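Next come two complexes, and both contain chain A; in the first it sits with chain B, in the second with chain C.
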Partner chain A sequence: MTGAQKPTGRIPGFLRRREWLLAVLIVIVYFVFNSQLPESYTVVNLLNQSRVYMVDVGFMAVGMLMVLILGDIDISVASIAALASTVMAVTYNAGQGLPFLVSVGLMLLVGLVCGLINGLLVTRFHELFPMIITLATQTLYRGIAYIILKDQSAGSFPSWFSKDLGYGSVRILGVEVPLMLICILAVFPLYYLWIHRTAPGRRMFAAGTNITASRYSGVRTDRLKMTAFVFNGVMAAVAGIFLCSRTGSVKYTIAAGFEMQAIAVAILGGASTSGGRGSVVGLLLALVLMTALKNGLMLLYNDAFILNLSIGLMLILIVLVPNLWNMYRSMRTLRRQRLAISKS
Partner chain B sequence: MKKTLSLLLAAALLFTLTAAVVQAEDAISIGVVYKQSGNPFFEAGVKGFEEAKGELGFTFEHNGPADSSNEGQIQIIEGYIQKGVDAIAISANDAAGVVSVLQSAKEKGIKVVSWDSKVNAEGRDLNIDPSVAQNIGRVQIEEIAKQIGGEGQIAILSAGATMDNQNTWISYMKEELKKPEYAKIELVTTVYGDDLTDKSYQEMQGLINSYPDLKGVISPTTVGIAAAATCIKDNGLTGKIKLTGLGLPSEMADYIKDGTCEAMFLWNPIDLGYTAAYASVALVKGTITGAAGESFEAGRLGKKEIMDAGDGGTFTLVGDPFRFTAENIDDWKDVY
Partner chain C sequence: MTQQAHSTRTLGRETVAPVLQVEHISKLFPGIKALDDVHFDLRPGEIHALVGENGAGKSTLIKVLTGVHQPDGGRILMDGKPVVMTDPLVARRHGIAAIYQHLAAYPHLSVAENIFMCNEQRQGKGPFISWRTTHRRAEELLRSLGSTISPGELMGALSVAQQQIAEIAKALSQEARVLIMDEPTAALSRRESEELYNIVRRLRDQGTAIILISHRLEDTFTLADRVSVLRDGRSIGTWQVEEVTADTLVSHMVGRSIDQYYPNKSSQVGEELLRVEGLSRTGFFGDISFSLHAGEILGLTGLVGAGRTEVVEALCGVTCPDTGQIYLKGHPVTIHSPHDALKQGISLLPEDRQKQGLLLPWSIQHNITLLRLDQHLKGGLLSYPSECKVGEEYVRLLSIKAQTPQEPVESLSGGNQQKVVIAKLLTADARILIMDEPTKGVDVGSKAAIYQIMVDLAAQGYGILMVSSEMPEVLNLCDRALVMRSGRISAMLRRQEFTPEKLLSAALPLSAERKGEEVLHG
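On to the complex of A and B.
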């Protein structure tokens, strides 16, 4: 969580908490689009569309949040998802073919190994920025996926995989809720407990805030980082599973660009690239906001460029404006103090 | 006080944005999806939809992903399903990759027509093929053979390896090359530019570097042939490496005139979109079901027969590929 903040400035108190700000924005976005598109932009349809906008990016963002809390970054997640998906599709289809669930297990293993490699590189070479290391592994992992698949695609998964997991839904209180939405929502309470309510979770925030202080107070920061990167890798593979269930086919370009969406949504949810900050509730709300916004824009403008632009604007609005405000506040306080000193 | 103020502001924003509410009418609506946005070939295809719209009175929207991705197409299709379109007309980036989402569309009663590049049979009602695939493959081999004088190394610069139209044409090209008159022609490789200009250019550069004896290149895709022409010219190889394929007259006119590409082919993309529009409307109205043996009227193009495609689905044809050369290019470069 962002921690208790002293009431400063004129932004209404409750909006200063990121979670509340996001919640208010969700309500505004919903009503704005709903009034424009009363027939197609409904809660039921939004639930349905969460498949497209919320689930695969969501799983990546779950992993990313932990990495960001520790003050690191991982831009190789989309490539991990691509490599894991490729391995799954190829092992399932190759020659004799593995049983499907074994292939999926292998996929998670690939995610784990990729995360492990990222983690090892980051913790063994402190002088290198995680951004640079994962930039390298980003091209490496996707490159391996390309070597395996070349320009072809692989697929023909069991029909239940796309029918039930990809497009299946469960009827809850008379509303069709996509199965994959339930899957990702189930992760959040557990994740909340892990990050915000356990000692290791707390240590991550501490290490992210001041890694040197944490190390001197006996926290094994490298081990925490390894945990985060491995978890992140596995989550990327999980994202790949859900993505494959929707597409039914894998190409080496699958999930291209998703890492930036995952980082954007985590930061929108209250995380910071400088570490020590982040909120599971905020992340969930940011995902909902992104789904609501993107889907509305898609329906209104039907243009992919506008979707990306909107996320950029939203990021600037939410991240930059409070920062500028704080900057202005501290400058004013400073001026007042100087004035007081010069008077005395 | 501050809370009230912020809520008031939010409410004001809401009302200004909702001032103009326009709601859909009862006309048939079609959602058009193409391989990528900003591709002039599909802009011409959309002109065909416009033309048919004027005659049939339906509404349509069109969109394609910026990055030729399968995920992007799924996102667009899901949006169309949510809006409740009556038909989806798609040129697929991955013949298998959109089957699941299109099946979910069909379950909701939406008709699916694929045009230009087909969707696997399970995901479509009807495919609109520009021309007999075998002819498209054959004419390009004949042309390159003529240009390089019947012997030497050639290569193919395709779009995406998952794009069904490209693969079918290439397989017919390989078939054609087995004929004895082409015995001295060696197809060294097929590379893929994914219909992205920069990647196509790099692949062409790669071909030039890897095969110093390369005599000719076939690029059966409008993005690829334009990038290949630029690359050949940039390397000062005009006339040394011959080029043919499928290109847009508007993009290729200069290269055809300066001899980088002596001749190329294409059918009319406007007619392709036009036929896809007529087929979509016929399917929605129920005059056809998309079964082999049926036929429908496609406006100025006349009656179109629906045939068995041999992949479990059906298709119909638009026309024959047309040969563009320095003599006739000026007549076409402003059309599409």
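On to the complex of A and C.
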């Protein structure tokens, strides 16, 4: 137990919850990089770069969190984003095809259908692991994207899409806040209520904790799983929208590797691959932490390889620290008990 | 405290030096003293029962003996010499073998492979396993136990009783001098238990020392030579089995005497709640017909494997019957899922509370409210105060022993966990309550409390269908009893007609009836 979900009383004070641990780390990371790069590493710069590090992975992680809470996993999300983006770019056809908003609607539909396929396979074939099923659909979806686009790239989106949504910002309290950052931040309060305060949200945690006991308690677990996979598919498509607006063009390789980042962020935020745990606030803080860390490392080393390494280190660190704390605490309690015995 | 545990006494035959002695053993876990100055001794050729409520420290003692845990004080002696069990392998080298409650078998491997796991029969000194030797030796061991299991069979294809025997064969293959059996009969029917008893007796007569842990007092009295009681991690005493009665043993275990084990059931049987006609599921049960009334406790008994659990699972929508009709208050209904069953007013207390009944890391109150989250919604959102209120209410109502309703259920004793499952079911407003082995793995004190709850519920107009393997339970609680034999109802008895003989003869397979008589009178 890392103590992320239930206060075990073993991890003292402010470190008891994963959320606080993340908040402390964000502050530390910020001040460390700020002292190294006082000119370039600022809040304004972080807000600017949040477009690159926070938004598209963030939407995927939002969908992924629900799947992880249910104790499943979906590694096809990046491929869903790629397929959905491909369909959008091809049907819009640089203004020659369908109206742009229809193409975007089609994109969301593709996400929904892909999620539905994942969900159907997972709920109909209980003996297959979701990991294997989505590994298959991962290659399938990206394969279809390749068949449609081959090695070509497609783009030429309307200017409001690639300029205003992609790089536009809104002035709030004298600070330029990217439009797409506002979009993802707006999702979190609603998502919080859904996951942590509604009956279906509670039942998702129940199903992830013990699926048999939940089914015996009248929880319709297959229905919840379908919801999670479909929502995850749609969120992947939404991630695709923002990715397209930022990059301005689509290739079949778009978003490659994003699924692992989404899983990593969700786990950093307190979710567990064994299910039943996860936190929306933790997810948001984990996203902020990743942004702060990646941005700083990019400014310092200007090498994308350092990014993957940093995520790995951060994951090990944050999963390990509460466990080490627990070990230390129980050892101390034991020593005290032994002392008390030897005295008496 | 009749005696010091490490004194040497006669066994009725001759004075024997103990093979294993435990002196002043203490074991600490953060915040709890699991074992406190525990004494215990074991002589060759005796069956020594170790009894106590859940959490009394039996399992911890076993883990200390087998080297899983290291004691914080005291020592273990084998043949009078102190030994240190640094890990399970060392314990095994000293000849201590344990067969656990939840079998640690490899279901996808053959019986022979299971028996020689970590003790593989190699070709000479080479790296390769000799399958011929493995199978031959496995066969010898199994036949020596009087079993007909084929060594090539998959472990997972065996019944629990047969797996138990394979585990004993495994212990024998390691030349165990001390055999620890943790709840060996928990999942066995009466007849299978009897077979196991015979094997255990044979081992004893060959000189193996056996520690038997069981919640069934019956096991202790039919098998053991001596019995030791543990309570709250302390040794309470050791007695010759002939010296004690069930009542005194129980009062030593709970620390007080239980005045009335089975409450008086006085409720009137009312209208019909549930009627089942010709329910069948191919391969599991067939032609099941009965009815359940308000205020009634209806027993469903029979041997393990007779299809009782399968019948109640079909009633609750866990599985679907092939044919037959279920009527609720006279109206035909179809039930496709546990969700449907709850909506229609049928709730199930499943057999395995840890796997099927509870979310172990969750708090008591969140477990209780899971069934009816809709009752706690305010403006579409879950209301924490409302959940707290219901949690507190049920903790008080069923006297669940916990500091707060926010405590995780995994920290409760088995009996209190069972009460949490019952509390959850009560929130459903389902008048039909199906309880599958409600007192399985529950300590004596809680058993009495659960019986009282069942009787109270019947008095409030609930209809209770209780699946039970424990005959005293059926005899003392039920208004009527259905007996199942190989998937069919073989008898329906009223309270006035209840005798152990009638129940047993209806439960036993027809060809084995004679054997059953022997069991009964022998």
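Criterion: the second predicted complex is superposed on the first by the 306 of 344 C-alpha atoms of A that agree within 3 Å, B and C clash if a C-alpha of one lies under 4 Å from a C-alpha of the other, contacts with A are read in each partner's own complex, and residues count from 1 in each chain.
Heads up, the rule we're going with is that a residue touches a chain if its C-beta (ideal position, glycine included) is under 8 Å from a C-beta of that chain, and two chains touch if they have at least 3 such contacts.
All figures in this text were calculated on a predicted structure; none of them were measured in a lab.
Of the two partner chains placed by superposition, only chain C is touched by A:S330; chain B is not. Ranked by how many residues of chain A each touches, chain B and chain C are led by B.
After overlaying the two complexes on the shared chain, residue contacts for A:G257 are found with chain B alone; chain C is out of touch. Within the superposed three-chain model, A:S35 lies in touch with chain B and out of touch with chain C [touch as defined at top]. When the two structures are aligned on the shared chain, A:R203 is found in touch with chain C, with no touch to chain B.
Shared-chain residue A:S249: touches chain B; no touch with chain C.
In the superposition on the C-alpha atoms of chain A, no part of chain A is touched by chain B in one complex and by chain C in the other. The touching residues of chain A, counted against chain C in their complex, run 1, 5-6, 193, 197-199, 202-203, 206, 209-210, 212-220, 276, 329-330, 333-334, 337-338, 341.
Taken together, the chain B residues at the contact with chain A in this complex read 2-3, 5-6, 10, 13-14, 17-18, 21, 23-24, 37, 61-63, 65-67, 69-72, 74-76, 78-79, 82-84, 94, 96-101, 103-104, 160-162, 192, 194. Interface residues of chain A, counted against chain B in their complex, comprise 10, 12-15, 24, 28, 31-32, 35-36, 38-40, 45, 48-49, 51-53, 150-153, 155-156, 162-163, 166-167, 243, 246-249, 251, 253-257, 295, 298-299, 302-305.
Interface of chain C with chain A (complex): residues 26, 28-31, 33, 72-73, 316, 318, 337-339, 341-343, 348, 350, 355-363, 366, 370-371, 373-374, 377, 380-382, 408, 424, 428.
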